Amino acid sequence: MEVIDIIKPENQVFAKTCMMTDTDLSYCPGCGHGTAHNIAMEVVEELGIGEDTIGIAPVGCSVLAYDFMNVDMIQAAHGRAPALATAISRTWPDKYVFTYQGDGDLAAIGTAETIHACNRGENIVILFVNNGIYGMTGGQMAPTTLPGMRTSTSPYGREIDTMGSPIKMSELIANLPGTYYVTRQAVHTHKHVRKAKKAIKKAFENTRLKKGISFVEILSNCSSGWKMNPIDSNVWMEENMFPYFPLGDIKVNGELK
Amino acid sequence: MEVIDIIKPENQVFAKTCMMTDTDLSYCPGCGHGTAHNIAMEVVEELGIGEDTIGIAPVGCSVLAYDFMNVDMIQAAHGRAPALATAISRTWPDKYVFTYQGDGDLAAIGTAETIHACNRGENIVILFVNNGIYGMTGGQMAPTTLPGMRTSTSPYGREIDTMGSPIKMSELIANLPGTYYVTRQAVHTHKHVRKAKKAIKKAFENTRLKKGISFVEILSNCSSGWKMNPIDSNVWMEENMFPYFPLGDIKVNGELK
Amino acid sequence: MAKVKGAIVVDNETCKGCEVCMPVCKDNVISMSTEVNRKGYHYAYMSNPDACNGCTNCAIVCPDRAISVYRVTL
Amino acid sequence: MAKVKGAIVVDNETCKGCEVCMPVCKDNVISMSTEVNRKGYHYAYMSNPDACNGCTNCAIVCPDRAISVYRVTL
Amino acid sequence: MTEEIIIAGFGGQGVLSMGKILAYSGMMQDQEVSWMPSYGPEMRGGTANVTVILSDERISSPYLNIYDTAIILNQQSMDKFEQSVKPGGVLIYDPNGILVHPTRTDINIFQIEGNRVATEMGNKKVFNMIILGGLLKVKPIVKFNSVIEGLKKSLPVRYHNLLPLNEEAILKGMENIFPYEVQNELVNN
Amino acid sequence: MTEEIIIAGFGGQGVLSMGKILAYSGMMQDQEVSWMPSYGPEMRGGTANVTVILSDERISSPYLNIYDTAIILNQQSMDKFEQSVKPGGVLIYDPNGILVHPTRTDINIFQIEGNRVATEMGNKKVFNMIILGGLLKVKPIVKFNSVIEGLKKSLPVRYHNLLPLNEEAILKGMENIFPYEVQNELVNN
Amino acid sequence: MSELRLMKGNEALAEAAIRAGVDAYFGYPITPQSEVIEYLMTERPEDRTGMVVLQAESEVAAINMVYGAASTGKRALTSSSSPGISLKLEGVSYIAGAELPAVIVNVMRGGPGLGTIQPSQADYFQAVKGGGHGDYKLYVLAPASVQEMADFVADAFDIAFKYRAPVLILSDGLIGQMMEKVELKDQQERLSDEEVIERYGDWATTGRKGRERNIVTSLDLKPEILEARVHRLMAKYEQMEREDLRYEEIQCDDAEYLIVAYGSSSRIAQKTVQLAREKGIKVGLLRPITLFPFPKQQIFKLADQVKGILSVELSAGQMVEDVELAAKGKVPVKHFGRTGGIIHTPEEILEALEQKIIKDGSN
Amino acid sequence: MSELRLMKGNEALAEAAIRAGVDAYFGYPITPQSEVIEYLMTERPEDRTGMVVLQAESEVAAINMVYGAASTGKRALTSSSSPGISLKLEGVSYIAGAELPAVIVNVMRGGPGLGTIQPSQADYFQAVKGGGHGDYKLYVLAPASVQEMADFVADAFDIAFKYRAPVLILSDGLIGQMMEKVELKDQQERLSDEEVIERYGDWATTGRKGRERNIVTSLDLKPEILEARVHRLMAKYEQMEREDLRYEEIQCDDAEYLIVAYGSSSRIAQKTVQLAREKGIKVGLLRPITLFPFPKQQIFKLADQVKGILSVELSAGQMVEDVELAAKGKVPVKHFGRTGGIIHTPEEILEALEQKIIKDGSN
């Protein structure tokens, strides 16, 4: 059987979701942001909630998420997305409100907004893309940067003594009663992508059930920031980030694992 | 033997520390702030570090601490004391730098500064007076306000669903590698005062040994905010706050208890 | 064991009459005056001097450090 | 068990040549072109069509969703 | 007619609520009213005062530094406000706790032992109502039943059982206010 | 003398560093220099350009919209900058990837196949040095050894082993730049 | 039925917000305006109208909550006092840049820094020149009575939605803390979600049912587009100047001297006008009700009539610059104002007028 | 030995900070100024001079770290760009109120909101009118070259310590990102702790060895005392106007038309002056080097000489108000400026001059 005989509409088993626009993604080649965007929107499509979903993306490489995600989107100030999400879920209790935040955004300048939205148990989904660096601004150290890791503001490697240890946000906020579902995922292989997508689906379903905070951390590469090619960066991520930020569920149905 | 024969300088066994000024405290009758001030300064006197101690008090009822504590003092913006302390301990590594913060200050607006100073393991002492309310501004709800507790902004009692649960800051920051000593104390009886003073002494000794963050939470009453007389407020504190905020060491020598 | 005798001196004008010193004195040495001081507070005083053993419990719980304590060993 | 045969179509202009689709293809169906697209990237293409079973692994790891997958059961 | 009043004393003396009742009373008889307190929980204890203006015209400045009437309930307030009474104006004070008595002869001064009367009545809380009664006696700026109406308005309904007590206190105040004569020799020098 | 140059192309082509070396070279021969890049990591990929000015007097505006010389390395840049060359000025471009060639006849246009030469040299990285060589050939605004000095300055010492390679690239560039004739018929209509 | 009450300015504003059908209030306590959130919490607006009231973890969070609610077409309100307003400025700039309707209240206290909790008007520049970054302005309403504290809430939201721009109510501790009679308007229905979608669905992010998706942002990577945005903003501000300028003239017709004062200072200056006229000095008072737009033309006109202008504010001199710009050098313009939480008395203002204007004017 | 280098403005400022003996830098990354902290981190100033460099968790934390270090008499520096500066304003107001020396750098980008990372000068009002709350001003230096980015660091600290007041270096993406030759001054010794104590022990909280305790605060519960503080601040600002005004006049002697421009705009306008004079139009350029104090007198004087003034800034029109205030209506004053990250060209400025001033001026 010839390829041309296979490539027929009726045989198509995978295509890009209609919840993503046709705009080319502005991300570097191989950047996990793209995959994270796509699976989040695939979930929105599968749940059929595209018309009731409101997304909030603060500054960060994903600041242009509104160009790519085919739902109503708000661009938020650095670190404040959880505050916006709080207000929206309070004034529109039946909408699906999610934030899409980087680690610099959520764990540095946005620490207070993150902790308090989680503590209040706002009925929202927080998608937290942790690439251990500030990608957008050119690769500065993030609160999640690994010990010894080189960035433009830790050019000789992160020193724990003076710069502190990488913060495990998921573990931290899992201690707060307001969080209902906290999990850490990755998106660099098909296996991880499938798992991550399941987690995101669970998160949006929790919103439907008004369960409070669903927090999905997604470990991702930043080939530009890490100064590696995408393949190497994914390997580096597995070898270095996974041990420090173990994948898996941290809190499920309000119960710590 | 007559009283007048006993009241002689040579027989004096207790007097106010010279590390407190003669200015009358601006606190309400029976307020724990006064006791906390005094034992902190007694420690400074006993360690003989009065000339090398720099204190930072942000807004809150203790905003005037600089009128009472006889050491160099800085009045800080709401929630930012740990940022000031960071800068001072970095530029004056041999000084004893402490902050004196209320629960609204440290656990609400100051969340990010608190978490990150703790995560960096700054070599400072944080004295955290938790009275479950915003005293200075007239008794509004604090992040530490107990479930069902009435305040001017939770007049029908704090509702967990909409206002979140009281945050246990000590337990939260104890998870951060940067914290070396975390303990919760009280100052309403002589037994508690003696324990609390020991804890504060240990904290300042940690600073001398450059151990990083020593975090001493002090549960205190707020008779005005709680609308009770001091005696009743102390009883209420024991019956209601102690169960939620158990007294004792949470982390010692960098080890979680 | 040698008997100790104590006494306290309350600074009437510093005292705010919060009464937290009373319950910590096992021997009920302290009472509140009927008169008020210039701030308008009923201040503490040593109503039962003989019972005082100078343990300083009252002094260390006094938020305003209005109490100084004296002790002699007889 | 029925044999399945697959095929992929790569959108050359969307592809950024990141190559993350290659390692996830157990059957090494995908290679990178020598030419570059308008963005200047070497894009992926189906170098070994017969081996493709349409498992979609490559497609779901593609950050830019440049791959669509087709499958038939023979 | 416009009446500009300052009421000044300790925090706990019910100074602000007394002013509030006055303002309500004026409102009950369709006057323009303003109530401007000294504020700030940031300052614990200390003195509190409130400026109350009742007028038949639109009120311009709610904040003043001279007054038709000053009601003074502690020494600090005496030091601060004796001089701010307009010539020919009225100064009412409770001698209890006053060390330096007023010395002006160009104003009408009255004493009212609010503390004593309150203690006699066995309820310190009605102190400010007693003083209010005194004011109404020497300066009937508002009708008695306007005051009762005002009280009703300002007291939460759950406290309305206290209305008779307050009414009694006001009457007691009216009975217990007396002109105060500045010592002549003081004046002569 | 003042020379105002724009260098424009893709992100990866070494546009900024080429400008930097030019600026350093000018500095080596005591000229005033300015280097003004288009910036912003916020915009991934896309085009990059830099304005370089070499002058014997103090430089006023480091930002311009017309230039003595334009070095153009992709189509977007051609569209954007062809018209900003001063009459009588110079336009140098690499035809590789250019669909719409320049059409102006009031300027001097040169082609240099930097990509091809670089591939021949077996090192894509020296592309920008080849272009630089071309520039120096048609516009010797800086002395050859100033450029070598500039290279030394701008390259971190650990890369100084690459100096010979870069030198070779510059020479190759000088050999491979040729005038480009705008098609007459195009001009006539 | 409207209703007459004796209320603090802060309480009146809060009650008016409920009655105006405001959808949400987000705030953080600070003296002298904590009564706003305290009153709201006590009134259970959730039950009265479904209004959401939330005590935020900080002023920064509060303004960004407002940004969020406003993005979805809801009427969102926040209030604070000087230091807290400074913290909100990034958010305010975002709201202006994203062209969202929102209302911010500043009950001013004395600064700089922690300063004092006493009344002040030293945030004028911050309010009218744009305290935050970038080219934007706020429509600024300056209430001078408890009644206006109540009335301006609805007015502010009308303007905010007319222009899709943030509106600032610039009050101070005196107006916020004093009690006056206030006539409260009847309860206005809150818009239903459907009504919000119907009215604002062309821009608000309410979920993209039956339309293309909406985007709320202040980011424009293309400079031309960002410049177009800035020009759009400037056009709005010019329209505000044409259509929504507000001011009050008090005894200006025969005035030989002019006092310009807003908010609490205008109340005090009103008394000064009385005192002056009792002394036979013909003084008029121009009270800007909107600080931006500012009554330039009116001052320019009056400058032909009067001998001099005294600008009075509880500050070291801020509005005086706008008065000078308006008077265009026709007559001497001087500033008077107490600071540090001290409130100038009517007598002090009169004295300043005589010293700085009348004396100078005569020679 | 001073040293000649080719550097970006941001890098030059960072290197100059090390050489000026600055004690501490606290900052948070933001384009277009992240090179400042990146350069510092790469240079290991801890080893070079003992200077502390710390990446803070936010701009708010960074400015309060500066507040802390400054309280102890240390030379503390922070830098950011527009949105980040808005977040610092509460802290800046505290520093001004507490009368502390500190230097803040704003490498401006286009706003409002997130806006753009491209150059802009739209934070002028925020810088000179006091973006934060209360009566305070900043001494504002506006560098127009990489050399000035370097030189102004030491100058800024000299002023900051002379007056015990915060100083703002107001730059923009163009000056921050461009490379020019820069002559770097020799390394200046950092003050030892003992020297700091000796020089600033009368106010700095360095530990109360051998003296009464020091207190750093901006709170005054007694209004009289707070007013005295405000008057003290105002006196400082007047002294700055008398003693530390800085500006540059370029070809003004024979000018018939005047352009007023600062920072990057002044560089571009310089080219305009050339172009104009080539066309025979006698244009001069007044470049304010300090934006506060502002060269009022100079403009007032030149207003007698020229036919009109064009104020040029990368904004919708902010400095133009100060130019108008200075010109006191003597000659027409107009604004020209591109926004949104677009940089006006020398030709555009010349065109604007001809359109708005020369044409108008002639009729």
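A, B, C, D, E, F, G and H are the chain letters, set down in written order, and residue numbers restart from 1 in every chain.
Here is the rule we go by: contacts are C-beta pairs under 8 Å (C-beta built on N, C-alpha and C of every residue); 3 or more make two chains touch, one makes a residue touch a chain.
Worth saying up front: this structure is predicted, and the values here are computed from it rather than measured.
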Stepping chain to touching chain, what's the minimum from subunit E to subunit G?
1
For subunit C and subunit F, which third chains touch each of them?
none
Using mean Cα positions as chain centres, tell me which chain lies farthest from subunit H.
C
Could you please state the distance in Å, as a whole number, between where the Cα atoms of subunit C are centred and where those of subunit E are centred?
38
Which integer distance in Å separates the CA centroid of subunit A from that of subunit F?
41
Measure off the straight-line distance from the CA centroid of subunit A to the CA centroid of subunit E, and report it in whole Å.
64
Numbers and ranges of subunit B residues touching at least 2 other chains
27-28, 63, 75, 77, 108-109, 111-112, 115-116, 137-138, 143, 162-163
List, in ascending order, every residue of subunit F touching at least 2 other chains.
41-43, 45
Quick one: which bits of subunit G touch subunit A in the complex? Just the residue numbers, please.
23-24, 26, 52, 54, 56-58, 60-62, 64-69, 71-72, 74, 76, 90-91, 94, 98, 193, 205-210, 213-219, 221
Which bits of subunit D are touching subunit A when the two form their complex?
5-7, 9, 14, 16-20, 22-24, 41, 46, 49, 54-65, 67-72, 74
In the complex, subunit E touches subunit G at residues 20, 23-24, 27, 32-37, 39-42, 59-65, 153
Which residues, counting only subunit G, touch subunit H once they are in their complex?
60, 82-83, 85-87, 89-90, 93-98, 108, 110-116, 118, 120, 122-123, 125-126, 129-136, 217-221, 223-231, 233-234, 315-316, 318, 321, 324-325, 328-329, 338-342
Okay, in this complex, where on subunit A does subunit B touch?
108-112, 115-116, 119-121, 143, 160-165, 167, 171-172, 175-178
